[in-house]
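Encoded as structure tokens, the structure appears first; notes follow it.
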């Protein structure tokens, strides 16, 4: 095991984390502002990937597909907010869980109905294909570097949006006190629709960006959703900063754990068994991390609780 | 002089730069009502939190019947005989009056981990609860859900639950709040009666009630006790007049 | 509950009526038609039903149900088919874990089970059963084909990788069984994993000269795309599952040139296969996958046995199945004593044919291969 | 007896009458379906203690369900392989006896709930939902990738386990057994709700601060309820594994957690018979819609959505009205 390999794995973990952040940011915003737990957030990730694959397939342009993914996910988010979600704000978490669980079924089977059961094709745009050589001689895929860049840029944009703009002031006011912001004369239902659509668009963008790397298929959103939950629990609900730190922590822990644990075990076990046992433990590592954070800080790293 | 039931020594608590409680000492002796007054934001709620155990002081100690309970939590202090009522009525709204008080009785007796017999089928629990309900005059309302009670009735239910703890000391947080003149009069009479059960640390804005009931009064301003004494002494204290009473007296 | 059943009584071909031994036979197909993995079940069903349609035998009745890829649902469907529909034969399960849930109980109740795909080692060796036939292969076969051919393809230092679950562990064992080179890296990934950057970095650092992967479904798509983009460029070999007709379109050009072990290919040159591939394309407007070919063979095997014996006479019917007297799309086909196929294993390459990607045979890996657990089967 | 009481009797008798009628008409599969309803309802009864009485929205109850299932398989598998369960520190044989297996599954479910609950109850609200979900997922991945006990393939038990005096292989007898366990659990649940503990739990749910000031530790009360809840769901898992004669990580998946929760909410949260009505309705919907289309889950989703938006209080709540108070 060389230092270079370790650095490369750390980059991989960073890239993974940054993509998780795009998912977690929307989820944590929606929870922070509206107090809503949305299990169907993963479905919006899937909608983005399918929209991108469909448009890129029809036009041949990944970039048009990316734009379509943002538009489709935001539109799907707004539609769902207007028809279903807004009836849930006043409900308890239980109703929210059930309704959004039902939405997952609707989205997944609806997508399968529209696009069929076979995975769709979506590839990295030619301009970003292939590896580049980094200082130190690491060959690293350009597309993944771009993903890290896009993710960090969006994180920066979100911090700016929340911290510096009028919309951000309203969002923060909404987090602090719902009645107060209504009293300020802000059209609260419009604000909610915008925030929900924004979160959906981020999820859709993540779906499209990641879709180019992996398989675009029904059900791709749920594993990411659960990881995003872990991220939010670690970071603290409602905190964008917590989502970023949590996502990168989860990304690094998962990637490095899968890489290092089998090596660790093979120092005192036979190789085949070590890789199997190491992989089994690596799959639990982020949950152990979450449990550890909970013991020390039940409200998450940047939580208010 | 008898040993105080509740003895608070030099409590301190800061939230950042704000000294919410700044070296407060006070005592509660058997049979007395000790009123704690002070303007809004003086730190009364913080002090109650420190005494009840929901907050942990930076320094200082709380003794209950001579025992240092500073390191213990709310539950332990409740079991040790500290009965606390809440500023905002905090009864369980879905339970009936009787259920609320039975809950308090079983809490005091440490019987909450009985899984089998129906709570309302246990004569000893119910009889004790009924007695406390009768004491506060809610007997004919015992089957009503607490959430459906009138405001004054809920305050009395609070007292019944505090009584159920068979306390060594009451800490009552504004029991008169939001009551009309009739309700306040009834409550005053009830509190005057309760002092025979256990001494009362009474946090209250209603000055008529305070002056009618209190044996001693302490005045809290900006987290500090600026004066402590009998009603007459406090009325005469210049600093209190300036800091607090003055505002109201001048109205 | 019959509302759910899709009863497909094949339309009569009068010519078939009156053939000796043609007693009615009811077959229950449990396969995955919804949720993730539905494409495999749909191909299985379509291949099976194509053969049923071509035969036009009115005595064959098929009940099809969707197992949602859930073992408990599969078990309950099997109970329902046996108890309510009173089927004689069960078939169609795609996944090994579902097969392990259904097959032992079904055969214990005296029903025949013909596997169209999953054939776990437990059922091939110690747990073999007179009423259980695998028409497809034994699970290890296609990995063995890849292993046997890897050295020929110039892979002498292999990096091998599979998900960390029983089929994955069997896969790596199967590959190593016939592989003559050195294994320089062995990695188990998480089931359902979507990002392989970490593993690709390990491949790059391992000094390997070729990579064997068993990553079925979406996992394979993700890996192949990321692998192609990484520029590592070492030859890739795997079992057919990862490079099937159902998924290579989603991999795109990244899959071109990938080698995969198989026992069937659309370009296999025999009359039965030509009729199958053309018939499938005409009926469904797409190319068949291996799963479709197994479904098609299974139906034809069943039809051939029906023509010889009555299913109510289990011994006679079993003998008729064992004879395997049908034209397999794989060419020569026979059953081993454990009732698994004895067949040639090939290696295919993913190629572009006009607009679509498909597979072409590049060589034979092992001839007349049965499987590794034959000796453990006391039958 | 109020309307809810009448409704409870109707549901209880229907769940008894349907399999008996199906048995008389020689429709064993309907008996099997009724058994499935009874067992899933039992899982729901377990969850309802946490969810309805304790207000703990657990999206990780599949963990206890699956652990109960694995407890069954781990005990029964050595018997069919003619091996001991363990040889160290003492040699212990496996067992095919349901009462022993049930005890083990109940204990295992309860212990798992103790560990998960002790950590998760440090938080509340939406955190609690996410954390229970994540812990469930952790066990799911562990079960898949841990090489012992079959991994993703799971474990098959070829012959259903035995119960003294009954032939459990006969669908109607096994159904009766499951029904009996369900009814016992419902009685226990009713008793629990009315007991001192039930009162304390209700207080801890509605007003934890007040409960603490009465000398009742909300954390201990809730954790105890969570453990009881996990234990009952674990028992249901063992029965479910016996129904299928099979256990696999699918029992631990988060979809299973979601479905158990759907039973409870469909039927009516905190209603005694809510999980029973909910599980029956769910299985009915699954089979009716399944006949209509391959995309039946789409319609299931829409139906669920309609119920949660427009029929609050679930089936029992809608039919019986707001008789018992619940939030």
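Lettered A, B, C and D in written order, each chain numbered from 1.
Definition applied: a residue touches a chain if its C-beta (ideal position, glycine included) is under 8 Å from a C-beta of that chain, and two chains touch if they have at least 3 such contacts.
As the structure is a prediction and not an experimental result, all values here were calculated from the model.
Engineer: Please identify each chain that touches subunit B as well as subunit C.
Structural biologist: The shared contacts of subunit B and subunit C, listed by label, come to D.
Engineer: From the centre of subunit A, which chain's CA centre is farthest?
Structural biologist: Checked the centroid distances; the maximum from subunit A is B.
Engineer: So how far apart, in whole Å, are subunit A and subunit C when each is placed at the average of its C-alpha atoms?
Structural biologist: Distance between chain centres, rounded to whole Å: 35 Å.
Engineer: Centroid from C-alpha atoms only, then distance subunit B to subunit D, rounded to Å. What do you get?
Structural biologist: 44
Engineer: Taking the mean of the CA coordinates per chain, how far is subunit A from subunit B in Å?
Structural biologist: Measuring from centre to centre gives 49 Å for this pair.
Engineer: Quick one: subunit A and subunit D, Cα centre-to-centre, how many Å?
Structural biologist: 31
Engineer: Note the residues in subunit B that touch 2 or more other chains, in rising order.
Structural biologist: In subunit B, no residue touches two or more other chains.
Engineer: Do you know which subunit D residues sit against two or more other chains?
Structural biologist: Answer for subunit D, listing residues that touch two or more other chains: 141, 144-145, 147, 295-297, 327.
Engineer: What are the residues of subunit A that contact at least two other chains?
Structural biologist: 108-109, 112, 276, 279-280, 283
Engineer: If two chains touch, include that pair; go through all of them.
Structural biologist: Pairwise, the chains that meet the contact rule are A-C, A-D, B-D, C-D.
Engineer: Applying the document's contact rule, which stretches of subunit A touch subunit D when the two form their complex?
Structural biologist: 31, 35, 37, 39, 84, 87, 92-95, 97-99, 101-106, 108-110, 112-113, 222, 226, 229-230, 232-233, 237, 273, 276-277, 279-280, 283-284, 287-288, 290-291, 294-295, 298-300, 305
Engineer: Sort out for me which residues of subunit B touch subunit D in the complex.
Structural biologist: These residues of subunit B touch subunit D: 52, 54, 73-75, 78-79, 83-84, 86, 90-95, 99-100, 102-104, 106-108, 110-122, 125, 145, 147, 161, 164-165.
Engineer: Give the list of subunit A residues in touch with subunit C in this complex.
Structural biologist: So the residues of subunit A touching subunit C come out as 1-2, 4-5, 8-9, 12-13, 15-16, 108-109, 112, 116-121, 123-124, 129-131, 139, 141, 143-144, 210, 212-220, 223, 255, 258-259, 262, 271-272, 275-276, 278-280, 282-283.
Engineer: For subunit C, which residues count as touching subunit D in their complex?
Structural biologist: 1, 3-5, 33-35, 66, 70-72, 75-76, 79-80, 83-84, 96-97, 100-101, 104-105, 108, 120, 164-167, 169, 188, 190-191
Engineer: Give every residue of subunit C touching subunit A within the complex, in rising order.
Structural biologist: 34-36, 38-39, 42, 164, 169, 172, 186-190, 192, 194-195, 197-198, 201-202, 204-205, 217-222, 225-226, 229-231, 246-247, 249-254
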